[in-house]
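In this document, chain identifiers A, B, C and D correspond to the written order of the chains, with residue numbering beginning at 1 in each.
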Amino acid sequence: MGYDAAFDKLKDECGVFGIWALGGDLDAANFTYLGLHALQHRGQESAGIVATDGKTLHVHRGMGLVADIFTAPVLETLKGGAAIGHVRYSTAGASHLKNAQPIAIQYSGGALALAHNGNLVNAEQLRNDLEAAGSIFQTTSDTEVLVHLMARARTEYRPGTREHLLAALRQALGKVQGAYSLVLLTEKALVGVRDPMGFRPLVIGRLKGSYVLASETTALDLIEAEYIREVEPGELVVIDETGFHTERLFTTPSPERSGRCVFEHIYFARPDSVLFGKSVYATRAAFGARLAAEQPAEADMVIPVPDSGVPAAIGYSKASGIPFAMGLVRSHYVGRTFIEPAQSIRHFGVKLKLNAVKDMLKGKRLVVVDDSVVRGTTSRKIVKMLRNAGATEVHMRISSPPTAWPCYYGIDTPNRQELIASSHSVEEIARYITADTLGYLSPDGLYAALGEDRSRYCDACFSGDYLIEFPKSKSQAPLRLVGA
Amino acid sequence: MGYDAAFDKLKDECGVFGIWALGGDLDAANFTYLGLHALQHRGQESAGIVATDGKTLHVHRGMGLVADIFTAPVLETLKGGAAIGHVRYSTAGASHLKNAQPIAIQYSGGALALAHNGNLVNAEQLRNDLEAAGSIFQTTSDTEVLVHLMARARTEYRPGTREHLLAALRQALGKVQGAYSLVLLTEKALVGVRDPMGFRPLVIGRLKGSYVLASETTALDLIEAEYIREVEPGELVVIDETGFHTERLFTTPSPERSGRCVFEHIYFARPDSVLFGKSVYATRAAFGARLAAEQPAEADMVIPVPDSGVPAAIGYSKASGIPFAMGLVRSHYVGRTFIEPAQSIRHFGVKLKLNAVKDMLKGKRLVVVDDSVVRGTTSRKIVKMLRNAGATEVHMRISSPPTAWPCYYGIDTPNRQELIASSHSVEEIARYITADTLGYLSPDGLYAALGEDRSRYCDACFSGDYLIEFPKSKSQAPLRLVGA
Amino acid sequence: MGYDAAFDKLKDECGVFGIWALGGDLDAANFTYLGLHALQHRGQESAGIVATDGKTLHVHRGMGLVADIFTAPVLETLKGGAAIGHVRYSTAGASHLKNAQPIAIQYSGGALALAHNGNLVNAEQLRNDLEAAGSIFQTTSDTEVLVHLMARARTEYRPGTREHLLAALRQALGKVQGAYSLVLLTEKALVGVRDPMGFRPLVIGRLKGSYVLASETTALDLIEAEYIREVEPGELVVIDETGFHTERLFTTPSPERSGRCVFEHIYFARPDSVLFGKSVYATRAAFGARLAAEQPAEADMVIPVPDSGVPAAIGYSKASGIPFAMGLVRSHYVGRTFIEPAQSIRHFGVKLKLNAVKDMLKGKRLVVVDDSVVRGTTSRKIVKMLRNAGATEVHMRISSPPTAWPCYYGIDTPNRQELIASSHSVEEIARYITADTLGYLSPDGLYAALGEDRSRYCDACFSGDYLIEFPKSKSQAPLRLVGA
Amino acid sequence: MGYDAAFDKLKDECGVFGIWALGGDLDAANFTYLGLHALQHRGQESAGIVATDGKTLHVHRGMGLVADIFTAPVLETLKGGAAIGHVRYSTAGASHLKNAQPIAIQYSGGALALAHNGNLVNAEQLRNDLEAAGSIFQTTSDTEVLVHLMARARTEYRPGTREHLLAALRQALGKVQGAYSLVLLTEKALVGVRDPMGFRPLVIGRLKGSYVLASETTALDLIEAEYIREVEPGELVVIDETGFHTERLFTTPSPERSGRCVFEHIYFARPDSVLFGKSVYATRAAFGARLAAEQPAEADMVIPVPDSGVPAAIGYSKASGIPFAMGLVRSHYVGRTFIEPAQSIRHFGVKLKLNAVKDMLKGKRLVVVDDSVVRGTTSRKIVKMLRNAGATEVHMRISSPPTAWPCYYGIDTPNRQELIASSHSVEEIARYITADTLGYLSPDGLYAALGEDRSRYCDACFSGDYLIEFPKSKSQAPLRLVGA
């Protein structure tokens, strides 16, 4: 079992990146490599880059981390001044190389590559229809539906032109529903699109004369690009030799309603990013301060669950006046291949990653700040570890409301029955994780600390208010073909 | 440069194998592994096996030799009582894993795997039409056209049934032209088909209660299956839980005309195979005997170019009374990865594989028997090697007519201008290869020795009489997508 | 260039681990695997485990991280109830697999494995002598000298006995000088030794009835072993079927003088370890508090250079009252294979690992706390990054004295001329790194915060007071043999 | 199980090659690569090359075939104008990379590489003595004893000089007994030595101004070097910047007695080599002719067991007047990794490599010519295969006397009890292999056909007349160290 699978966290499904500097002298694949490195936290299972020199699309995808997949000889094969890239997390079952992105195909309209962050809720029905009409799918990913829809699009334009591409893309997007932040590359253009609700982030940057698209601003920082703005929900941007173009592809259903994922603020995004226009670090510190006000505790020390709980813990400490300390040390050497020791040894999942600083915790009353609780298994182990280290009281504080509903818009959540908050009260959860007290941030407190109106956000994972209908089950078509 | 590329021989493109013993206790993948091993001479670039347990198709393909690709753990993943397999040779450009066969897809009709020996002459036009209608191709091989045609077929039957499969296959085959010996596997049936002309071989065997299909009988020998008969040109056979079925898919254009490849007798097939109903070894020995009558020579010794020239040289020796000797020794350790030494050393292509037995050849007049001459480069080096070893005269004898026309039906031949016999007389070729004399077997002599009428055969490589029209150029659509 | 090489830090050379539970039912290799995982920060270039079942020593060593080297099938080959392990950092030149440890040999005394943390200062002379007497070395490491000395030892005991082993070891140790914390394994015994000065740490733990030896207590924590005490400087401990034995191998030169490495407190050890009897985290926080007193600054925010600067920064913040924040975010996805982008892009060394949280730092006066400055190159880039993020003042504070002298006792330091503090004043260094001010902790402050007398420690890297003479140059014998 | 292991043949243990052209512009490693390729039949388990540019020895060794181990980038690392190489076969137990040759070490005399064909009969005793004196061995091969003896040699010359090297080598060789054809390389000289009996071959060639040493002349042919003569039994040759030197290292025990391995003529050497001054092909044909006279048979056809039986079968055919045919076809695609099919399928060992040409053999009386019978298992399967193909009579003829005694001088033979001829009469063997008749060549016939006196040869495998005493058992010291 890989380590991350053992750690009780939600998983983001992807990060995307694109850069267009054709005609200039930038090495686009190198910048994409750096961009993906900065987005690595959004997906560690596979990564890919497609680059173009204006004539051919050069593709490389692999399983694992960006730094391991893209060696110098590989990067040298990815020639040209424009490129897109993708990092991916996926559930175990479909974690095959052929599901790695960007998807790259050759069809009657030419060559095309596409990288997708999000999830299409009507993909299965569309796939069945396409197969019935004779399409043959290469992968089990929802994203492939988009390229088949594009390949079948009929337009008034000549195949291979930008007009044909955009017309085909509009037709395809008109049929899919769900969450998508897309970057798309041909020999002629770089395209970025965000779904009407804007579930997943996508930002625009400038690097000298070039344009950059990325899931988060931290990717702009690394390549020293300037942050311009978000791609708006429902907006399509095209960058080609004639410059930067934008169009409103969809009218947002209601002008007052969009669906940015509030969990990106809480956990997914890197603390150094500016997300949906706001500093992630500052937001998390504000969640912690608000949490201190809503859920105070008598304690000697505030400690975070590293690394994600650190900013909220600092905020809690400052607001409460209780001193902050790094009472849990995190090892960063646990890779995906870490194996479970033989059964004669107890389950080590959390201990491999975290260890308590015993001397400091002995005899202390602790506030422990984490960003979320999914199944509760990790929290339970952390509380046990702290008590073994001598803590006299453990007050768990969570910088978000209880996670009670699964996500269908691009986050890998367990089934509803596995989410402990879907069927247990806060008191019951506190008992399960063996904390002395447990306190969550309230939804109102969340938006107050965020300083935004709830109408801009999707918080279905807390509220069950789903903005787009989705199929009842998370079922997949039965696989009748195995291997390659 | 790989060794085989350096050796001046024509290349067969494929060998296929299939076995159906679902319900029995045979391990189909193991038998297919052995069958492919016996067919390895028909293709050394890639190999694949698809097996089924009646529920799922299990696929494994790889680059290289059968024995290297199919390790024990790999074979264990290929579960079930029915399987097909493929070995492939291909030109350098398209020698990618994704072009390896069997092709395996999942489409509306279910899961399907297909292995093809031959070449479809109208594949490029069909591919363009399919792409224009929205199909997305995964490979650059002509074979993929067939599965897309099947995926788009409309039939009166329920998808997933045997009736639907066969109806779709008939529709697809009705549209393609060229050479094909196919084996096809679903969870429900094993199918074998041979094109109306029957260019490439395909035989039926029985192993206990099971049926076997294979390109050559040597694959039956290895697994101790009994040889039954050829799949006839234009015949389709289906093997499933209800037994063995046959239908005549096409009427042969003219009942007196078929197009078995005569070069299979001369060079491609293994000498221990029974091909198109005749012993390959005996046929080659008869070619040699006839060659001795048509092209006698005063000499002290008959030596073959090993290994393929051996039976004809023995036949020549026996008919002429000139003693036979193995004057050239062949190394069998030259693999595909053998690299050319640095430029300070002369070209070693032939020397790495052949060496003359000097003591035996010194002062001798030699008849050297080979099966064919393609570009003439290898023959020239062999003559030089023999003279360096002390031979006083070298009389080259070829057990087939001059190869003057390219093949479009499944053999990898050079362009016409590279075939030395297309633009040079026998005397000119003799001069080029520096032989004292050069003699080819006549077409009439070939068929006389074979004991068959020419109307059963395709000999376009000698005669230019092509049985099916083909496109002017061997062009390929420009690749706009590189890598994976 | 690997990432770590780009980061301006000193490197520890090794971590060692050993466990003896022969006769019990513990799987020693699994525990060693976990122990090495906990010691991974002490060396990431190679790792190895030798296990014994009482009959044979089973060896596996590899390049890279513990979790990548020791897969489940590998661990299964390492059978038995006793084992030792090693993690290693080394300079680039000698970073070969054959230099990986534990060293494992077969000699007249039987089979023997040995893992070493430290550095023998007279290894080169001893090696020359041994080679002149006919010994053939397998590696370029100093440690191999020990096994050759043992192989040549003459004792009154029968080879293969424990008495012979210990006598040979005593003879060998009597000839070497320098730093060594050793664990040594035969089929019959586990041995631990620490040099008379005790430069490197080595602790004893108990796990149920078994004994454990480890470089740091964090390895005991992970396997839930109880910390007993340090192996004393100059002490040898033997664990075998008769139990636990100890002897004083050397009299410490002067009872009041030992040479524990003070830099282990400052940087090398994990913050959750108890080192030389003291909590590492608490010690570092005390260094920070003392630093605040000695080197105050007017500022809005205290930020650490993560991860090693965190405890001292928290200590500085608490003592000074200036708020603490994580103003630099560290990426943990930078592996050893991370390649430098093409030259069209500037040097990314530090940026790949650290990024500033711009929104938080803009317009702020910062105290930045780091543990040490080696060449100054990384500090200079960090200051630049903070100013680019909008910081108005940057006051660098270092929680140790200036590092001005190279280490010869097991730490990989640059040559003296590369250590910026060896030839520059604090003011000059401040100017070079472009900090507004720069302040180091004083030596007196260091020991005061530590609460220990200086006579227990080696601080040659600060003071130049070397406790053992060493050869003038760090030269290596010329390599006349390359490859394997 | 690898294929070759399944085939019932004796195994040669090695081939060696050396070239010295320092100062010229030859790329020595490339020539060595070609030379090893030509010697590949002498060992397929591992191969190695050590090259020198006069300053450093560059080493590369690997498991497998020459063409797979030495890729272009690897060859580029092997710089310089002088080199030695080695191909090795070994028994399964010790088939580790660390036992691959050339052995390359650095010792007080400098750097040294050594490649050995043969076997030292007193290696185990010498090794025990050396270990007792403190030497540490890296491998389990007998050859390593030589370098340890050299490392411990005391001479009057300065270490590093040619004089020291030769003096040390003379001392070492004075202590070992057995079979050795050695090539040895330092930065200053190439040395070749053959043991006093001359068991294994070693020849001298010239290539332009350079000298070449090789196990067989076929290696000279490939690089177009001229064959000069054998290194004589007991001769040492040195090639360095001062030219070619020779000395008689040992007086042959008796001037009339030497011990060239007669089995090299019968089976090991390539048919295109000149061995011990005689053409291998011509010798084997003469064995076949003599066999026809001694062991006639009434038959319709003479067929060889390919490839090694071919020349003798041609000789038998010519002498007997019975026509020759290639009735068994051999596959050359069976590599070492070929796995045994699952147990539901019968043992395929021989069938994977050989297949009968049924049509030709049906109803025929056959003489089958092979070079030797070891255990009899393969012969038995061949006879069965031929009868299944329809042969009415099978008369097995062996072109050597019965192999009844194991070899201790460099050939890997089974224990005596496994050699069928050690305990069975010819009639019993015939019955076991189910042949109608079985006939061996007589010892007198062998030497008559060879045209040499028996006093030049070792034929202990036939006669049991061992020329050098050897230890009773083939035992190895118990391995107490496993893995690396």
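The definition used in the following text is that contacts are C-beta pairs under 8 Å (C-beta built on N, C-alpha and C of every residue); 3 or more make two chains touch, one makes a residue touch a chain.
Everything numeric here is computed off the predicted structure, so don't read it as measured data.
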item	value
Centroid-based (C-alpha) most distant chain relative to chain A	D
Chain centre separation in whole Å, for chain C relative to chain A (CA means)	37
Centre distance in Å when chain A and chain B are each reduced to the mean of their C-alpha atoms	51
Intercentroid distance (Cα basis), chain C paired with chain B, Å	62
Residues of chain A whose C-beta touches two or more other chains	none
Chain-to-chain touches, reported pairwise for every pair that qualifies	A-B, A-C, B-D, C-D
In the complex with chain C, residue positions of chain D that touch it	55-61, 77, 104-108, 110-111, 128, 131-138, 147-148, 151-153, 187, 479-484
Residues of chain B that touch chain D when the two form their complex	25-27, 30-31, 33-34, 37-38, 40-41, 44, 65-68, 70-72, 75, 218, 221-223, 270-272, 274, 279, 281-282, 285, 307, 310-311, 314, 318, 323-326, 329, 331-335, 337-339, 341-342, 344-345, 348, 351-352, 355-360
